[in-house]
Structures are given as structure tokens and as C-alpha cells.
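Consider the two complexes below, in which chain A is the common component and chain B and chain C are the respective partners.
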Partner chain A sequence: MAERPEDLNLPNAVITRIIKEALPDGVNVSKEARRAISQAASVFVLYATSCANNFAMKAKRKTLNAGDVMAAMEEMEFERFLEPLREALEVYKKGQKGKKEVSEQKRKDREKKVDSESREEEEEEEEEEERMEEEAEGEAEEEEVEN
Partner chain B sequence: MQNGVNFTKKNISLPISRVRLIMKSSPDVSSINQDALFLTTKATELFVQHLALSSFNNGSGKETNSLSYSDLATTAEETETFHFLTDILPKKILARDYLKSLEQMQEEEGDF
Partner chain C sequence: MPGQKRRYNVRFPPRRIKKIMQKDTEVGRIAMAVPVIISRALEMFLKSLLTKTCLITQSKLSAVISIAHMKQCIESEKLFHFLKDLAERTSTTAAQKDNRGMNVWPLYRNKRHEICAKKPPEAAETSLDNDSSSSESELYICL
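And then the complex of A and B:
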């Protein structure tokens, strides 16, 4: 898949917002500065990914995990990020768990419904069989009586 | 719907999908788990804040209440943790100084 250069950039509006929120009110940020920060952010992602990937490869894993990213931050000397990252991850995981539970519950509800429908059918079939057996026995008795 | 106010649910602003695209462009990376993706996105936001604020505090724009490109370039050069940015945030020089140094380099090569 060929990526165009723009695809590896982060959306300007969001970057601008993050910058504004970090700085004191009213600071004027030049367009050039904004663009440069955006590019720096992309480079940061690449650097962090490469670093995290080294940790994963050392552990003979093919999938990058949370621990690898945290180790990368330390390696890159961004220890100040570790605590906020841990907290954010907690919140994120809880949110994911909630979503998962909701969809799990929906799945269970659907299964229960299907189950109970098929159980009803089974019960009807069993009753049918019993009735037929009784009829057969009844007929056999009648035959005996006749004989 | 459980909660009316959603602001805590999504505690990041950058699009995870875009960050993932950048990560995947890195060689040797096979797959990335969901949590790692989230953390990288969040870390990038923290990084943007950190770079902006450091550059502002460190730079000459404080008197004029502004943040310019040169503040960023200066910070990249002077702060160790931002050294990895020096290639993409080079300090700018005047065109005539550049041309002069280019001439000098050509002269040196000519000596071979």
C-alpha cells in the first residue's frame, strides 16, 4: 500500500488545539511553528515505534504491546509521560471493558432467545413422541383384549 | 446510555487510525496491540504539549507572547530529549551565509 506523504501527517486542527491548550492563553503560534510541531509529532511516533519494536523483538514477540511502549518512553527519556500514560490506559481499558461487556451481554441475550426457541421445539417433539407411544401401547392392549 | 457527559470516555484527541498508519510504515513492525496503539497516541499528545511549552519557555518569544519556528529549532538543539528532532527542525541561516559555505565546500572538493 503506497502511502502519500500527507497520510503520515497528523490532522492540523487537532495539533493546533493541543498546542493552544498547553500554552498560556493568548500566545500567538506561527503557522510555521504549528507545521513544524506536527512534523515533529510524526517523527516522535516513528521513533517511539522503532524503540518499542526493539523491546518486542528482544522478547521474541511479533506484536507490540503496552509494556513495549512504556519501555520506549523510558528509553527516550520521557519518564514524565509514564504516570499520565498509566492513568490514561486505566481509563481506556475500563471503557473497552464496558463496551465488551455490553456486546457480550447482547450476544448472550441473543443466544438465550435462540436456545429457548429450540428448547420449545424439542419439548414439543418429545411430547409428540410420548403421545404416539401411548397410542401404540393402547392399540396393542386393545389387540390383546380382542384376542 | 449510561452516562450523559462523555468527556472522560474519549481521553485522546488524535485519531488512532492515523497514528496506526504512521506506526505501520516503520520497518519490521508486524502488528500492534490495541493498548500499545492507544498509549502511542496518548504519548504523542503529551509530546506535542511538552515540545510546545518547552519551546515557549525556552525561546525568545516569551516577551512578545509568541511561539515561532526558531524557538522550536533552538529547543531541539539545546535540549537533550529533543535532539532526535534536529534533522527536521534545523536552525535557519541566511541564504547568503549558506551560499558562502556551499562555495567553500566546492572549493575543498576541487582540491582533490
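And then the complex of A and C:
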């Protein structure tokens, strides 16, 4: 499996946006520092992952879940993240529930039209759904991949 | 107080986060909610790092955050000590190629080994030059 360095860094656009939001007007970041920030982000993910996975393994679970991440944050002494993270989790769960209802409804509508031009509509709707999902939630819909 | 703006851009792609997470070979499956929370945690972490570094930058009467400021911040805040190795490896020379980001991986469990925590710069050079044998060169050098 070819591992390209670009694959393992987080998108610069998002990093740039976060930098802009965090810093006061007039303060900038050197090119090297920008890269270091991106690397720090990756290290953070790995460190949090490792911590969270310890909790999952302790509980004899093979799937890392949100609770493990919360426990990891506490362990890493980022307790003040816990409340906003719980909120983010709630928002996510609600979004998932809403999406499920919407897609179930769409499925029902599709069944009615199955005799006519359903094929094209299905594809269009799926594309639209995906686009909307990416915009609104940045959600990963794919199945979990075993390591 | 600024309201909740639509911050689509500050969300990290879940797929990319998952890829990074799965560099850790002990990680199995990942619940779908996880990359979403990690993304939010990342955002908060980076803002915290930037804000604290910025204080140092300003104390030095500069308008540009540099590596040196970041190093100082990492050193002074216990919260950021997990970044110490990264800070040590980071220099302001030509070593700042994107590939150097790979130096970070051996610090955590990866496919190759769990023993070596640091790679000397030469090792990094070797492993990056030939992808296919990179795993072997790392093993030889570190063990």
C-alpha cells in the first residue's frame, strides 16, 4: 500500500482557516511554522488515538467509540474540551437521526416510482445527498475498514 | 459575542482523520462519530496552541509566529509536552520538506516496530528515498 506523505497530513485549507480564526488581526504565521502546525495536528490525532484505543482495549472492545475519545481527552488533560465535544457529539447524533429519516422517506418515494424513470433520479438524489452531507457534516458514510 | 457561524471550513475530513488514526496498528474499527469529535478536538487544540504561541510572539514584539516561538510554547506548557519530540525534530533549515512529517510516525505504534521512538535524520533520508525498502531500513537503523 503506497503511503504518500500528502495523504497523511490534514488539508491546508482547514488549517489556514483555523489559524485565521485563532489569531488577532495583523499576526501571521511563517511558512515553516505553518507546516509545524499541520504536523502538530497529526501528532495530536495519533496521541489521542493511542490514548482512546487503550480505553477501548481495556473494555475488550474492538471498536473505538466516542466515549473512548472523551476518556482520552481527560487523560491528556484537555478536560475543558469535554463539554464542547459532548455538544458536538449530540449535534452529530441528531444529524444522523435526521438523515436516516430523510433517506428512509426518499426510499419510500422511490419505491413508488420504481416503474418509471427511477434510475436517474436515484443517482441524482444520491449525489445530492452526498454533496449535502459533505458540506454540512463532512460525514464519512463508508463502512468501517478493519485494519 | 460572535454567534455560531457556519464553520464548514474548520471541519477536518473524516476520511483523512481515519487514515491517520489507522496508522496505529493496534487500532481496529472506528465508530463513525469518532472522526467527527476528533475534528472538533483538533480545532480546539490548534486554537489553544496558536493562542498561547501568539502570546510569546507578541512578547517578542513580532508580528509573525515562528518555529522558535512554537518551540518555546511547547516547552513551557505541560499540556503540549507530547509535542516535544516533534519540536526537537523540527528545524528551520531545508529539512522543512513535507516529507519530514513522516518522522513523526515512529513515535507511535506503527506497522514496523514499537521499539524505536526516534529516527536520526539520516534514517529519515534513507527511508524516504526508496519507499519499498523503507520499512527495512528503519528496522536496521533502530534496532
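One rule holds for everything that comes next: the second predicted complex is superposed on the first by the 107 of 147 C-alpha atoms of A that agree within 3 Å, B and C clash if a C-alpha of one lies under 4 Å from a C-alpha of the other, contacts with A are read in each partner's own complex, and residues count from 1 in each chain.
One rule holds for everything that comes next: a contact is a pair of C-beta atoms (placed from the backbone, for glycine too) under 8 Å apart; a residue touches a chain by one contact, two chains touch by 3 or more.
Just so it is clear, the structure is predicted and the values come from calculations on it, not from any experiment.
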Could you tell me whether chain B and chain C fit or clash when both sit on chain A in the superposition?
clash
Output check: A:Ala36 vs chain B and chain C. Expected answer is one of first, second, both, neither. What do you get?
both
Between chain B and chain C, whom does A:Lys62 touch in the aligned arrangement: first, second, both, or neither?
both
Of chain B and chain C, the chain that contacts the larger number of chain A residues:
C
Please identify the positions on chain A that touch both chain B and chain C, taking each partner from its own complex.
3, 7-8, 10-11, 14-15, 17-19, 21-23, 26-30, 32-33, 36-37, 39-50, 52-53, 57, 62-66, 68-70, 73, 76-78, 81, 84-85, 88-89, 92-93, 96
Chain A contact footprint on chain C (complex, rising order):
7-47, 49-51, 54, 57-58, 63-67, 69-70, 78-79, 82-83, 86, 90, 92, 96, 98-102, 104-105, 107-109, 131
Which of the residues in chain B come into contact with chain A in the complex?
2, 8-9, 11-15, 18-19, 21-23, 25-26, 28-36, 38-40, 42-53, 55-56, 61, 64-69, 71-72, 76, 80-81, 84-85, 88-89
Which residues of chain A touch chain C in the complex?
2-3, 5-11, 13-15, 17-19, 21-24, 26-33, 35-50, 52-53, 56-57, 62-66, 68-70, 73, 76-78, 81, 84-85, 88-89, 92-93, 96, 135-142, 144-147
Residue set of chain A touching chain B in the complex reads 3, 7-8, 10-11, 14-15, 17-19, 21-23, 26-30, 32-33, 36-37, 39-50, 52-53, 57, 62-66, 68-70, 73, 76-78, 80-81, 84-85, 88-89, 91-93, 95-96, 98
